[in-house]
Amino acid sequence: MSSNKKHDHRKTYWKVWASLIVLTIVTVWTSYYDFGTLNIVVAMLIATTKATLVALFFMHLLYDSKVDTVVFASSLVFLAIFVGLTASDMLDRYVPQPVKVAASGDNDMGDVAKLAKPSPELIAQGKTLYATNCASCHGDSGMGNGPAAAAFNPKPRNFTTGEWKQGGKPTQIFQTLTTGFNSMPSFAALPAEERWALVHYIRTFSPNRPEDSAADITALAAKSGSGAAHIPVRLAMELSAVSEAQPTYDIRKSAIDATSEGGQLYQTRCASCHGDNGQGGINVRVLGSHPFSYLATQSFAGNHAAWTTNMQEFVRINSLGLPGFGKPAINDLTPAQWQSLYNYVQQLAGIR
Amino acid sequence: MSDATSGAHVAHHFDNAEQQFSSAKLGLWLFLVTEVLLFGGLFVAYIMFRALYPDMFAEAHHHLNKVMGGINTVVLICSSLSMAMAVHFVRDNDRVKAVKLLSFTFLCGATFMVIKFFEYKEKFAHHLFPNGSFDYSAFTHKNANLFYSLYFIMTGLHGLHVLIGMGLIAWVLIRTRRNNFSSEYYTPVELTGLYWHLVDLVWIYLFPLMYLIA
Amino acid sequence: MLGLLLSWSKPNLPAVSSFATNVDTIYAFIFWVSVICFIAIVGTMTYFVFKYRRKSENDKTPYIEGHTPTEVGISIGLFVLVMGLFYWGWVEYMHSRTSPMNPYEINVVGQQWSWNFQYANGKRTQRNIHIPVNTPIRLIMTSSDVLHSFYVPALRLKQDVVPGTYQYLAFSANTPGEYDIFCAEFCGLDHSAMLGKLVVMEAEEFADWQDDMGKYAKTAAAGGTQASGKSLIEQGRDLYSSKTCSACHSDDGTPRVGPSFKDLFGKTEELTDGATITVDETYIRDSIVDPNKQVVKGFVAGTMPTFKGQLNDDELNALVAFIKSLSK
Amino acid sequence: MSDHHDAHPVGTNFYTDQRGLKSWLFTLDHKRIGMMYLATTMLFFFVGGLMALLVRLELMTPGQTIVSAGTYNKLFTLHGAVMIFLFIIPVIPAALGNFLLPIMIGAKDVAFPRLNLASYYIFIGGAALALLSIVLGSADTGWTFYTPYSIRSATSVALITFSVFIMGFSSILTGLNFIVTIHKLRAPGMTFYKMPLFLWAIYATAIIQVLATPVIGITTVLLVIERTLGIGFFDPKLGGDPVLFQHFFWFYSHPAVYIMILPAMGIISEVIAVFSRKHIFGYKAIAYSSLAIALISFLVWGHHMFVSGQSELSSTLFSVLTMLVAIPTAIKVVNWTATMYKGSIDLKTPMLYALAFLFLFTIGGLTGLFLATLAVDVHLHDTYFVVAHFHYVMMGGTVMGLLAGLHYWWPKMTGRMYSEKWGCVSAVLIFLGFNVTFLSQFVLGRDGMPRRYYDYLPQYANLNMVSTFGSWMIGSGFLIMTIYLLGSLSRGAKAPTNPWGGKTLEWMTSSPPPTGNFETVPHVTEGPYEYGVK
């Protein structure tokens, strides 16, 4: 190695150290003043000078062979390429605005402020409407034991228990009436005052009557009116499906014996959503989606899902149900009934 | 870094010590290039997100403690100085001064990590760590978690490199005490020095970008 | 051989938009340039291999170190060719990225494993998208879960849909018909099943389809009647399922909560109050609108909810036609 | 360190100098490490090849043929990941490069032998992690791990990305080692312009390995942290941007395809010159075009993202820059063909593979023009056209180059001659099978069949069937090759020191060479391709 004297840089080290400290103080000091975009430029200039000082003196780039400097510089060049070309994409993107969609009728809330408060006339009007629209499922006394209740699972709401799955405040019941959920149809077709009358009449059955806060009312009123349902940028549109009619499977119908025990069970418990021949394509309302939307049920034919070949999976899915998608939970069948139902469904799926 | 156990022994495939030393330095510089590009990836993410959400960055950085950041910068600069001096003294065969300076550098590294530990503890207390329990309510901007993800990953990775640097310094300290190095052969000290200066260099950029957003 | 090459020089897909035909021309140009370059290189190579076969171990070969002018010539010639190619491709690309002032806009949402479309007047369709022919269309697209890519080979167009932001595709289809839609960005299990059809319709056929949509918006009854192309009975069948009549009335005789529709039409029924009626159109229509007016013996009044306001006249006719079709 | 060298007893070589497993596991000899890399990478080549056959078998007919959709997705992901990270990136630089670089420059070993061994064991560690990820239900995201699916997928994505991170280090260390070796350890008289072109290619590859691999390191680390902690850089639900991930991923992965092709180009320069027994045409042009390709490779990654939602400005920039790559590549191909002019061409197996390389790589390169042109790429992106393009360039290019090099240096590496007859048979079989398999895929892609499709529409059925037959031909070709190459280890004739009449340094020492490579330090006076009468 060459003699040590030539390598004595201690004095320069101290000088470099001092300037680094000064530059640090300067950069902190400038950060307290707002020069707009200039701030970032100044900060980067100072940082780069400090970095060059460290690289040239402390890292001996000044005294060593030129190859090391070229190597170090090349890393900065390729980093600059990475930054430059990525920025050419990220900072120059055009994001179109989604189309404004005409609202369907369900945004008609009527005069929310006035109608949200119960009044004797509304309750009387509600009583008559209840008989024709709701009694068939919810029963005359609101016990959820109407004549048509047998066909539905889960059973229609029993108002007298005071439990509200969708919320018991007037605004909440109103929205449930408007959107419908699970296998309850939407009553958006009824004018707003009739819906409000039904809301107040239904609440007379229930011991538990939570009241609306002013905020609830204004919130609902804000949604009122047939304003366009604008799709927020962040949230993509929720699931939506009015599916094109699926081809029906008449040819295979005769082969399957609909009167077998499995067939009976299927007709009473599953056909309403999955179609008589398991061809699906029937609209099932999606719970809690607003504005309401449907999901077409899957057809059994050509379905590769796990349950088609594994009975435990079939029983598990059906006993849990898919609450979000309006698929009821069936948990009152004996194992023999499960077996016959499963065989029937496999026939529909063309597997057995 | 092919070195020898004792004295200036030249490995069989090198012609002389000079060739071995310059090969080692070139090898380390190439390694430093990969470090620059590793941190470079994170700086690219920083630049993109800051360009996309400038005011979120301005608001989110208020929770960072400028004083602690400033102290850490000074600590690292001093450790760089002491490292450079240590390399000089090893080359000067002045073992005592070299050991003292290497220990000082090691101490600076430790102080840096302790200050870093307190900063992190404070952030964890405010639920600012982005693992699902991030406290969005503390900010008006919805994606403030991006700033803290950047903060934790960049300073975390840098902290990891400080720890590796401290390990190397300790290893070199022990061998200097065992008198393995001389003016003829001091490659490991020189290489550890280069690595440590790069760690300081990365922090020189990290400090203004993270702590000093106007 | 030339015939084979000719068949290869153009995608054998329908070219349904001006962009598609232009892409085909560029494709054909690059194809023929490539064929020429390929023959030049591989041809000379094979020629040299046969002409300069090694005859003996001590063949003498000329000492040629290279010829820089040819190198420079190739570079410049190629540079001109590729820059021209870039420019031509770039011009066509920028055409496809711009659309006239007010194109017909449709929202597209990709989700794990199906495409959903929403039209300006609120109608939503899944899998298939209907558009009018020769009208500038703009699809505003996003995804609700992972990356997908809306790809219509017939239009030679594809665009990734990135969740959390919006992308767009602008085109104008010039020939009616049904064209495949694929998902071209890997998105999980059923990536290959995420198919659909781009249905390009004549203007009035599309208006008809859209009218059907118009009714949809006014009456707000979900599940408007299907495309007008379907017969009244088929529309009735769809209503029978979409309006959940099937929940209580079977169509094949099996007993359920309500009477089965099979062989119902024309049957004579005895009412709860003893009178007998024959089931005709008016009886079916009345029972739908006011079910408790004439209840047949053996069934409880108040079971069936009213569908007043939920079905318009066309839909009632369709249901009646469907029920009629179930009896001999 | 290895012991001191006295005069070398005749008849011993680096295999026989030291015996026993320990001498192999802890060796510092670049030749042994090269052979260990060769064995490991060729093993993974057969694992990846097997998966390719399964993928093609599944695609033979529409609908389910042998496996379910989920398994198919895992199969093509593994085929991609194993072939790329475990075989094609390390094989030529780390296996052939390790063995030949020191000998070709007249050195005794690479600059950092221990780093070389560390790089091999890091590679083995990464490969073990990849196998573990396969066992624990392998990833099904495609070898590109695009987010947000790679964040949402329940399969073991984190493990295989972490194994890619580990193998990245092995690639960096190899590249670092080679650059320092070429700069510092050349024999006296061996200037840069007297170096064989294979070393120029390895040098350019090493530059890419050192400069690009760290970025895949940070990308995989960020992806693993994204999956475990949810930092949100690439997850749209947390404010991140999936397209940013694609930038990060392709900033490495496009230069990586040049890590794959450049060494193969280096081999082709050697083989064509030697088997035409003629000086290479345009030595400097080929050398500089290797460096030019290495530089341009860092500017073009955006052509993978023309339809990914990136801005029109950046698509335009990337399209222009991608077109530039065609120029140095074309120079190389033209110069190789020009080398054969008036040569004395000997059609041995290495030359057969070199000619196959020229044939297939020309098609691969030219189809790149389709994909670089913006308007056409919008139609062809993510279809089977792209699959056919990169197989023509990677399999038709790199693997043909590898096989040419393997057969060319087989006598030097193993001291045995392979059977020339079977060499030609398997070369022709692989060449024909390759064209049948992938020419049909060009047509499939042109007609719009998307990539990574488990089930396809009926109109694509017949060509998929043809493609699967082609894959069987390739499979049988490689089977024959394994048999006669491994067979040659025991039954092959003893290899002379210079079977092909090469002029580069490795043909001056015995085959297989002694541990120290040369008896006396060689003094280089003339260039690598001094054939022909001046």
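Miscellaneous remarks
Here the chain labels run A, B, C and D in written order, and each chain numbers its own residues starting at 1.
Please note the rule applied: a residue touches a chain if its C-beta (ideal position, glycine included) is under 8 Å from a C-beta of that chain, and two chains touch if they have at least 3 such contacts.
These numbers come from a predicted model, not from an experiment.
Set against the Cα centre of chain D, the chain with the most distant centre is A. Across all inter-chain contacts, the pair with the most C-beta pairs is C-D.
Between chain B and chain C the centroid-to-centroid distance comes to 56 Å (mean Cα coordinates, whole Å). Averaged C-alpha coordinates give centres for chain A and chain C that are 24 Å from one another.
Chain C and chain D have Cα centroids separated by 41 Å. Computed from the mean C-alpha positions, the centre of chain A lies at a distance of 45 Å from the centre of chain D.
Taken residue by residue, chain C touches two or more other chains at 163-165, 167, whereas all remaining positions touch fewer.
Residue numbers of chain B whose C-beta contacts span two or more other chains: 22, 26, 30, 33, 37, 40-41, 44, 48.
In chain D, the residues that reach two or more other chains under the touch definition are 69, 183, 211, 215, 241, 243-244, 247, 309, 312. Chain pairs that touch one another, listed by label: A-B, A-C, A-D, B-D, C-D.
Contact residues of chain D toward chain B in the complex are 1-2, 4-5, 102, 107-115, 172, 175-177, 179-180, 183-185, 210-215, 217-219, 222, 225, 229-233, 238-241, 244, 247-248. Those residues of chain C lying in contact with chain A across their complex are 105-107, 109, 111, 114, 116, 118-128, 138, 140, 142-144, 163-168, 216-224, 226-227, 230, 234, 237-238, 241-242, 244, 246-248, 250-252, 254, 256-257, 292, 300, 302-306, 309-310.
Residues of chain B touching chain A in their complex: 17-18, 21-22, 25-26, 29-30, 32-33, 36-37, 40-41, 43-44, 47-48, 51-52, 66, 70, 73-74, 77-78, 80-81, 83-85, 88, 91-92, 183-184, 193-194, 197-198, 200-201, 204-205, 207-209, 211-214. Interface residues of chain A, counted against chain C in their complex, comprise 95-106, 131-137, 140, 146-148, 150-152, 183, 185-186, 188-190, 231, 233-234, 236-245, 248, 253, 258-259, 263-264, 267-268, 271-272, 275-276, 281-283, 285, 292-294, 296.
Contact residues of chain D toward chain A in the complex are 64, 68-69, 183, 211, 215, 241, 243-244, 247, 251, 298-299, 301-302, 305, 309-314, 317-318.
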